[in-house]
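One chain, chain A, appears in both complexes that follow, with chain B as partner in the first and chain C in the second.
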Partner chain A sequence: MSEPSQAPSPLIPVPRAPVPQIPAAAPRREIEITIDGKRVAVPEGATILEATRKLGIDTPTLCFLETLTPVNACRVCVVELEGSRTLVPACSRKAEAGMAVHTESERVLLSRRLVLDFLASSVDVSTAPTLRAYMEQYGARPDRFGARAQTVAQAPKIDNELYMRDYSKCILCYKCVEACGVDAQNTFAISVAGRGFSAHISTEFDIPLPQSACVYCGNCIGVCPTGALMFKTEYDRRAAGTWDETQQTQTDTICPYCGVGCELTVHAQEGQIVKVSSPLDHSVTQGNLCIKGRFGWQFTDSRAAT
Partner chain B sequence: MYVVDPRRTSSAQWADVWLGLDVGSDISLANAMGREIIVSGLANEAFIRHATSGFEAYRQCVEKYTLDRAERETGVPAEAIRQTAHAYAKAKSGQICWTLGITEHHNAVDNVVALINLALLTGHVGRYGSGVNPLRGQNNVQGGGDMGAIPDRLTGFQHLENPELRAKFERAWRAKIEPKRGWHLSAMFDAMERGELTLLYVLGENPVDSEADRHRAVKLLRGLKFMVVQDLFCTRTAEMADVVLPGSAGWCETEGTVTSSERRVQRVRAAVPLPHGVPDDIEIIYQLARRFGHEWGMPDAEAIWNEVRQLSPMHAGMSYRRLEELGGIQWPCYDETHPGEMYLHSRLWQEPLIGPRAPFHAVEFEPPVDELNEQYPMRLTTGRYLDSYNTGAQSQRFPSPLRRAATIDLSPEDGERYQVGEGEKVRISSRRGSIIAPVRFDSGLRPGLAFLSVHFHEQVATNDLTIDAVDPKSGTSEFKATAIRIEKYAEK
Partner chain C sequence: MDLHLTAAAASAEEQAAIDALLGEPESSWDGGARQIERDGRAVFGGGTARSRRHLLLPVLHAIQERIGWISPGALNYASVRLNVAPAEVHGVASFYGMFSLSPRPPVTAHVCDDIACMTRGAGALCAELEHKLGPAGSPSEGGQTIWQRSACLGLCERAPAALISAAGTTARERVVAPAATENLISTMQDAVNGRLPAEPDTLSTKLSVPQAGQAQLRLLRRAGQVDPSSIEDYLQRGGYEALRRSFELGAERVIQEVIDSKLLGRGGAAFPTGKKWEAVHLQRHLGYPHYVICNADESEPGTFKDRIVMEGDPFAVLEGMTIAGFAVGAQKGYVYVRGEYPLATERLNHAIRAARAQKLLGQDILGRGLRFDVELRRGAGAYICGEETALLNSIEGYRGEPRNKPPFPTQSGLFHLPTVVNNVETLINIPEIILGGGAAYARIGKGNSAGYRLFCVSGHVVRPGVYETPYGPTIRNVIDMAGGVGGTGRLQAVLLGGAAGSFVSPMELDTPLTFEGTRAIGATLGSGVVLLFDDSTDLQQVLLRIAAFFRDETCGQCVPCRVGSVRQEEVLQRLVRRQTIGSVAEERNTLQEIAQAMRDASICGLGQTASGAILSAMNRWSLFS
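== the complex of A and B ==
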């Protein structure tokens, strides 16, 4: 091979070249389905939920999240599919050409209301604003089961200084299990234990978090829809009556630690950081953080003391 | 995923293959992979011909690095090296990512070059999904370099010794720029030793704890005529300063940008007000300029950024508005219609080739400077824990459940050899210093390899032991390879 003479020099800027492109994905065929009498086209492989959203139809979801694999746990997104004996979960059922779907039939509304009735009768939904909005929307009446209705009420688990777990608020949506497992962190510190009404989220043998595999990324808190998993800072302020979301600002910035560049949403109240979250739709980490990004901000408060 | 690391870290446990090489034997491993790729006919000859130079010298150099030799020098079984070489060469796309295990060595740049050679050999560069990626340890270390905090560069990597580029900056700044490159950090300490550097302005760095061979670093800092430290906290460096200026938590108290490991420039924003009496970092610099007789007007992060865009072609298209809309932009971004570039070096695949050829550099294996012998028979390497960060100025201030006492980590086999149990204290001595630390066993360490973190200098002063043998090109110290001796320590 001949050795060329032209050697690169650091003195000369590198010349421009064509802009790199992501290789085009194989084109997806568009298929058409009918929802509530309206026709809509979606790419093959899309779910019924994606189709309803494209039409602007508001389909409730609790266990579904764009960044996690659907687990069909909550059944609040069910819709009626012509030709199907049972209602189907919109979040995971793929759209097929020619499907006819009804999202507001009597059966659908009843089923969604029942799901909300059962959940709210057994779980403390006081810090679950989305769920409460659905209850209002679907006319849920959890009190109709009376005072004897079984609940999952229990004392909150506080075994570390970063976050606490109040499983009396847990609707078993599995999101935390998925975020701890293959959908994000691959730590597998928690799973679902027990069966039937005794099913619950647990570390192995229910050991405290500091003895478990937990790495305190807090990605479980990031996906929890009911406040069952909560920053200790938020929990303490709520207990003291000083948590006031109307007085809070949310500002997007970048984590001060490593070079990944995770986007943080800083929640501040009275000029103090009260918690940190991360937007799900940001391309760098899709809402996932590590212990330093989610909890390592407390140094900004400790300067007065030093 | 193939993980090359002397320690069996959690990443190594996740990997398909772990190559547990001896500390500092990276070039032997990389050269043996290169040789194996060539002799197996897996080199990308079309790419080598089209876009590279210096292949013949490289081929001759790596010819000596047989799999058997590499097994002897690295401790990695020859078959594992062969398998890794074949997998990398045959992959549709392949990336090499590294961090300080490659760069904190006396031959840091050679280590990096040895890896770049592999990418050139296989054409795993300048294509989607391929590349060579140094993973940055800090949220703006890339940005710092991009802005010109490199001895021979101005903003946007523009070379200080290029008269045309220099003239552009001189016109914009209405000031003369010396056509003379500056010092990197290690060279600064050498200059202190020679008495050529007598004044230091330290911004957000804690060299008293972070420099290798701490005794020497402290002695030299003490010999300065004047030191200013600007920091969030009264670090041990700040304690030595003549003047301490308050630093702001840039990421949540000020406006600006940082640049991540993937060259993505992103906006940081003020989420909380600055503490009472703490000015914005830029304002401190503006006030200093004022005392020097230069009136720069009102500090304004966006205006400064727009000046960067005017002078640095690779940042030109990154308006604050676009950074916001696109969630950050990866440089280069030449104008306001340019989307930024997700990978570099696409030019190497253009027909005809755009710009100069990418050179192979033949580099030879050289063991770490701090040699093992009978007196210092163990290898000490250093690193980080998940929940902690550098000298701990920030990370020690949150109550992490993962945090544990500072320890010297040993393999259980070495525990037996030295007759020490977990929690027992030992004296650790190197050619430069001696410290006491309790033992923790880590089965991810092999016999003969010890580990100290860099976070807890007030309990265990790791850098009392480390060597400041410096890479001549990058100025990085060999934090990763210290020769030590371990002795039982009886508390009085």
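== the complex of A and C ==
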């Protein structure tokens, strides 16, 4: 005879006291700085970039993304700060009360233009519309360095079914490394390797992705600003000449796989899904997905076979 | 962390090299054999395992020194022992010039072909080596040796210079300077046959410090006089008196004396040392550990003063660091020595052990309750790691890429804690200030350039070496001190401050070598380099070498420096070969614009100064126009 079983205790204990609330954050002190002669107040800890955006001043950025730690490596966002010997990166320099900043001085325009010259003369920017728009805006002339200027040209790496890597388009913005690392995925499948002009994004000893720690979350593709990382579907369609963004629809939906509730933006062309992204400002994903949400949609086309 | 490793396994020898440094693994979690009863029931890892990442650079050194290269298997084992993802270990290992990630002969000769050695026959030496051993980078002696061209090895007073490293169970290094084809090849053969002597160098201090023994010397007064391996000898010559005096003064007074002394950092950036110390000292109430770092990663072409101080008077460096530790409330110091300085490394390591044995480092220094210890870290062939924030990343086990400033190391330094970073020469000034008083020290020298200064005189000069003088003498005085112009005897140009400095013409020799004096002619003192070129030198080739140096040494993090250093070299080559795109004036304009973008928009001092010397020469001599 077994003991009479006790009533099961609830799996989630009921709190004995009122449920603790997260205390509301103390309002941040506002500080005032001057940008191009205009005064603007921003919360303490805000960057110069946030202040310029508040004023509606267009500051170019390439390696910056709201969801990642600023690495200030591309230097296209530099601004002139009075009292500073060098220009400073708007994306990471914190605003300090009384700062006087200039975003359109000769020095700023020259450095931005040269950064774009440097990138466009060494990297294939054909699938980087933002960068090309900046080049137009700042009058970049990458051809001034001649046809024999050293480049990072190389063959694309296609070693799996889901996405490809074309490092001839890589501007080394570090975003993919950050997304693969502590800023999102904590997988650490890739790192910057080498030094100087031959610095590049790489797995250990450049092993193919299927042998590496990659989990195919595709969060690196989500943050890549130049198309160096691309869905295989997009790459194949581009190669076949059938990639046409004007014919694409974007539909926001919720990922069907698990209960987390990630928001998907489904990009479709001619009724076929061609890629999936997630909005950066979504509270659940912040732009990040897993392999299923990012790539697990081929079944939607399987009706044709039956 | 769940590491994903390839199947490549480390050989027994590779494992032994790493275990000799880290000890045996505790469990299968950090690379040991699997013991299911133990390992299956507990997790050995987490924060404790990750907190050993700062040992990554020493681990990579251990593999390189034992095996001669870092294999995928060894990299996997390093990864699992330190719980760092293999892609990251690879990223760090591939950053440093001294590590090879493909099989390499065990004996490597690094032959300097940089600007100082260029003036003393490095070109002819390399040409002969090419003839006898084949082109640089090709194995010789049946695959046992290889020779490579190298940037400045910091042996400029004995140019042309070479450094031979031999991997093996007892790894050995040997400085060959001055180097000639015969002694270089025979030393390489000795290395293959395991016949290298234990001492990496036969230093004749009299050659490196021509003033040795002169009564007026302060910073160099022990160089060549004291036995660098004997702490007793150091103590007998006034060693550690300044530390005792510091205890009497107390930390606040020590810092005040350093502030009063107007001592400016001698590494090149010339920041007031006292201000750094005060900034860290003032954060003691926060209760975080503080650190003192001695930046001994001297790699500026033409600079060798710190090497000679470390080789000739290593205890002085430790005493300076200990006083700094006492003043700013740090219990731990690191001395980061350039990887290409084997003798300095050995002497400092010995000095650290001797100081610990005499209770001059450790838990209770001089019985005064001061806790301070010093750990030596070796660089691995990266000029950029002399930049203080890159140095911090390097010690922490990350790629030696500079951090954006602010925050400065005094606020967020090593392990993101308050840190003082001082150059070797800066630190050996500290005992002078403590014993003589800050105000008295400030009166030595001229204007705001207070105190003593070491100058690295090399190139076409009669007696190259390190010279000490109070601030004030002109360039001409320093050249005279070194016996006058060598080579053809007719001076063409002087490079002040190294590759990151600027050229001056023979018309400017009456410029005082002070911060103000050099600034007035648009030059810089930098790290104290005075490098002479006679009129037989092809300055265009010197400029090309400088451009190649920065192209090789840029870390690649920021666009202006990564691409700008390459474009700068390309424009220069076109100008030298007269194959310009458009007119010469257009190319000069392109060069000016590249320079301005690098100076204005680069993250750190490397990119900001990478064009200085080239532009200064172009403007002074109207080159290419």
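The rule is short, and it goes like this: the second predicted complex is superposed on the first by the 283 of 306 C-alpha atoms of A that agree within 3 Å, B and C clash if a C-alpha of one lies under 4 Å from a C-alpha of the other, contacts with A are read in each partner's own complex, and residues count from 1 in each chain.
FYI, contacts are C-beta pairs under 8 Å (C-beta built on N, C-alpha and C of every residue); 3 or more make two chains touch, one makes a residue touch a chain.
Note that the structure is predicted; figures quoted are calculated from it, not measured.
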Using the superposition on chain A described above, determine whether A:Ala240 touches chain B (first), chain C (second), both, or neither. neither
Touch test for A:Leu162: chain B only (first), chain C only (second), both, or neither? first
Which of the two partners, first being chain B and second being chain C, lies in contact with A:Gly261: first, second, both, or neither? first
Touch test for A:Arg107: chain B only (first), chain C only (second), both, or neither? second
Which holds for A:Ala25: it touches chain B only (first), chain C only (second), both, or neither? neither
Quick one: is A:Ser202 in contact with chain B, with chain C, with both, or with neither? Answer first, second, both or neither. second
Let me test your reading of the model: by the given contact rule, A:Ile291 touches which partner, first (chain B), second (chain C), both or neither? first
A:Thr300 contacts which: chain B (first), chain C (second), both, neither? first
Go through chain A and flag every residue that touches chain B in one model and chain C in the other. 186
Which chain A residues qualify as touching chain C in the complex? 71-76, 78, 86-87, 89, 92-94, 107, 110-111, 114-115, 118-119, 121-122, 144-146, 148-150, 171-172, 186-199, 202-205, 207, 211-213
Residues of chain B that touch chain A when the two form their complex: 14, 48-49, 53-56, 128, 135-139, 141-142, 152, 157-159, 161-162, 165, 232-234, 249-253, 258-262, 264, 266-273, 275, 313, 327-328, 332, 334, 338-339, 341-343, 345-347, 350, 354-359, 386-387, 389, 393-395, 397-402
In the complex, chain C touches chain A at residues 1, 3-4, 6, 72, 75, 79, 85-91, 94-97, 101, 382, 399, 404, 406, 551-560, 562-567, 570-571, 574, 581, 590, 593-594, 596-597, 599-603, 608
In the complex, chain A residues that touch chain B: 1, 3-4, 6-23, 160-162, 186, 209-210, 214-216, 249, 251-261, 263, 266, 268, 271-273, 282-284, 290-292, 295-300, 302-304, 306
